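There are two complexes below, and they share chain A, which is joined by chain B in the first and by chain C in the second.
Coming up: the complex of A and B.
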């Protein structure tokens, strides 16, 4: 064994250590993705999930030919963009507070509070949200008690608002975690230097702190975009099947209609959109970092 | 240009006094250094002057008005950081233009001033570089240009040379001093390096435990340190415990391990007082140089000789105490073997008495 390790040399040994991970990645990520691509180009065949090697573009023609589907693509991307923006607006001040809390005990407490939100399974948390936001939920009951609304409840759930709230609450910890480390890493003397050069507190924030947090902002936005764009559970439970996004179409095509090929085509479209968004973020990150990458 | 007065300034972190009731007056155009070991309160004092730390007690006056409650951006004080704090997301040009743009100056006015500032620090042609493309010395120059272009009333420098390598440090020492003299800007310089403080300063405040131990010109600080701390912190010294045996008009006689030694009188001394005599090693002469009129002359056994390049170090036994003499390595430096008894002496006024 040791003779074998000798002969393969140092790069060989590193490759050997990485082999289990690479193998897992290949079998459980690359293979399904490739078969998904193949399937999306295959001849429609109901209830058949295996590749028949009869390639045509009918699935994609169907997707781009019907408003029902391509509008869902815009809806999905728009929803994900909106959720990323709201999460950033809510998450940045929170992350800033945590990052600037120097007392280690208070800092840890705040971090635990953020992480608490991630402890329970998403579905269970969504049931909690439903208790809060339903027609006879806590919020509506309170508003009714306070006399702010009549008998007619505020429609907080089973609509677009419900999906946005659900996705924001799910994504917020991811955003905060992406930001805290980066904000903490900003050398305080940069902010002090700006102040002594004449910048007010808010000018320092916008000209130094925000640009310096850009790597975290972009990472957080990308993460939240990916989470929201691909989410199936939140739009189903909080959208009540009324906010039809791409994952819902995929589920319907595959699970209810057995149209694996068309479902795969929608998945490929989603993959391409995600990939393009990622490239845009990467360019933005390179630019924001001022030539540091 | 401005003068600075710190009066009864203190800073507490919890119960601990980082800066403990210091009062200093710094004249217009002066190069003033605060020198001390780490934790002596020098950086905290500088940060209070800049407005980065709030004062606990006391006043900071610039040109007669108290600025201790103003935010940093209203003080007109330039600050150069130990790590230079070049904004990494901006190039050199934008870094230097930062302060001018905040002042809403016209674009071409900014341009000409940025270029003049770059020229002044010898960094023309580096406009488009980013922080990670600059060496430590270059970042130092950019940091200075960025501050000076805003025409601050006072320049504060916090250990600006400590991150540079030795040769560059030597070069920058003189460069900064020259620049300061050309501009005539009131400068407060914080350092733990006595070489920097002695070379560059008009006056030095030696600090210890949040207090000012001594203020004086480099010569005063080196030649006549007033306390044991300053004596031992600045340069190398022989500090010999002694007892006063007689007191005259201008001198007194001390007993050091059975040897009678004369020293200039300082303060109120009377017979029987326990004091210490301080003496710089380079002022202790040996061999025939030691046998002169007006000198304290002793004959002491030589313990050790160490060759140190530009000088030679002789360690002598003074009744159990160690007396060190450092002799310049000239062509006629006397040769002695360890173990032999040699003539040792110093001019009476080269020693000084420190009470504690």
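Coming up: the complex of A and C.
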């Protein structure tokens, strides 16, 4: 322990300081991911999770050869793209409003609300959404009470719409937080200059504010894509098993069918797609922070 | 006076349609949370419109529940253990990243942030498979679950401590050392005051992220004890129990308190940026 305390204040020995962290990440992050990759290339063997070192590409051939699976990949990606677009449409105005709120207390309150919404367990938020959107849920009961619909309720959940609404709720805070900083970083004198040169409010917004916040928009879109692409709870609870996405396939193959190798292959496909999206995101984010200065 | 005029003008410059969409977004964010609170406090058997009045019957039911109360307490213990481990690991990693000068430092940083970017279910599956085949005895055990949680929360600590170190001249440490300060004293009186808001913010985040973690827990949860999100998920698949909403109220309370603490300690905007880069 005293050796550890010694290193904590000694710049030269910081490698030793990070040794536990490095070791932990190596054993429980690198090794499991490498095993996942190896297993996805292994000979299918039901109920067996150990690597047999008999490599072939059968799992991936199965994935890309069967409509059930590759269509789920397209469904996941399409869903994530749609959610990203809707989230931008709702998230940008909110981020813009927060960025333009100059009163520090109101600004902090709004930020805390967004952060709380983001950090609250998604399953609890889904409970709230399901109470709102069910056939006898608050929204349908309200519409019936107001006489806007008859006995037939609006089908708001256990379908594609439900999953989209759930994912938008899930990812909105991420979009807002990627945008607030970027919009705040735009030099206000640019907007004022445009206004004083006779540009209308909308013109200023479209010609100055939106283009200047493009790095944040791109980063937000990619982030939202990645997180809604990989959600398991939202499609299972709000989709009523009608919206079958890749994470659902992974769980079924592994937990219900014991097909570890094939489950690992689907996970690798997800990993690769998320990784590519995240690489693009990091580049966009780097540009966003460069544009802030 | 001139200043307040200017700020008023700028706030007025938000066009109506944007205000409308922003309000819609806020409602979308907060309505489910409000509904959970109302459902947990309502007097009827389920939340109806118009509501039937308030009562504490579901809160009391939560305290007597043999599903949700143990799950809540289990999540609390899990989150505290995760928080302690993540804070120690994350702080040492961030200090290492700040001090070391080597090629590929950026890649190293990206590596430690990587668990955030990986789909939770993929990470959970990879760990589960690793536990199964390595014979370490971690399959569906508390230590195995803690490891998964530390992996997804550690990046928050690395991020917040790293952010606190931005603009801190690390050579101050060397100056203190060369003036004869002992290593630990250097750390305590030079570095620690700078990074402590980052450490606190990072540990609050790891607590909350662990408390609400679902994806990683899915494959790693011990069979006899469920964390709250898993317990809520299993009940939600079949029915709406107002007792679950009452459990939700206590979780919401934890989140709000944690975010208020972080807001007091750090610049929220800085924190928001740390979160995903």
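One rule holds in what follows: the second predicted complex is superposed on the first by the 242 of 293 C-alpha atoms of A that agree within 3 Å, B and C clash if a C-alpha of one lies under 4 Å from a C-alpha of the other, contacts with A are read in each partner's own complex, and residues count from 1 in each chain.
We adopt the following convention: a residue touches a chain if its C-beta (ideal position, glycine included) is under 8 Å from a C-beta of that chain, and two chains touch if they have at least 3 such contacts.
The shown structure was predicted, so the numbers you read here are calculated from the model rather than taken from an experiment.
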item	value
Chain B versus chain C as contact partner of A:52, first or second or both or neither	neither
Which of chain B and chain C A:190 touches, first, second, both or neither	first
Contacts of A:131 with chain B and chain C, given as first, second, both or neither	second
Chain B or chain C, by number of chain A residues touched	C
Which of chain B and chain C A:199 touches, first, second, both or neither	first
First (chain B), second (chain C), both or neither touched by A:211	first
First (chain B), second (chain C), both or neither touched by A:229	second
Touching both chain C and chain B, counted on chain A across the two superposed complexes	201, 289
Of chain A, residues touching chain B in the complex	187, 189-190, 192-201, 203, 207-208, 211-212, 214, 288-292
Sites on chain A touched by chain C in the complex	5-11, 14-15, 17-18, 20-22, 24-25, 28-29, 31-33, 35-36, 39, 49-51, 89-94, 96-97, 100-103, 108, 111-117, 119-132, 134, 138, 141-142, 145, 168-169, 172-174, 176-178, 180-181, 184, 188, 191, 201-202, 205, 219, 223, 226, 229-233, 236-237, 247, 250-251, 254-255, 260, 263-264, 267, 270-271, 274-275, 278, 281-282, 285, 289
Interface residues, chain C side, partner chain A - complex	7, 10-11, 13-15, 17-22, 24-26, 28-36, 39, 46-50, 88-90, 92-93, 95-97, 99-100, 110-112, 114-115, 117-123, 125-127, 129-130, 132-133, 147, 150-151, 154, 170, 173-174, 177, 181-188, 191, 205, 208-209, 211-212, 214-215, 218-219, 228-229, 232-233, 236-237, 240, 244-245, 248, 251-252, 255-256, 258-260, 262-263, 268-269, 271-273, 275-277
Complex contact set, residues of chain B against chain A	50-52, 71-73, 75, 77-79, 81, 83, 85, 87-91, 98-99, 102-103, 130, 132, 146-147, 150
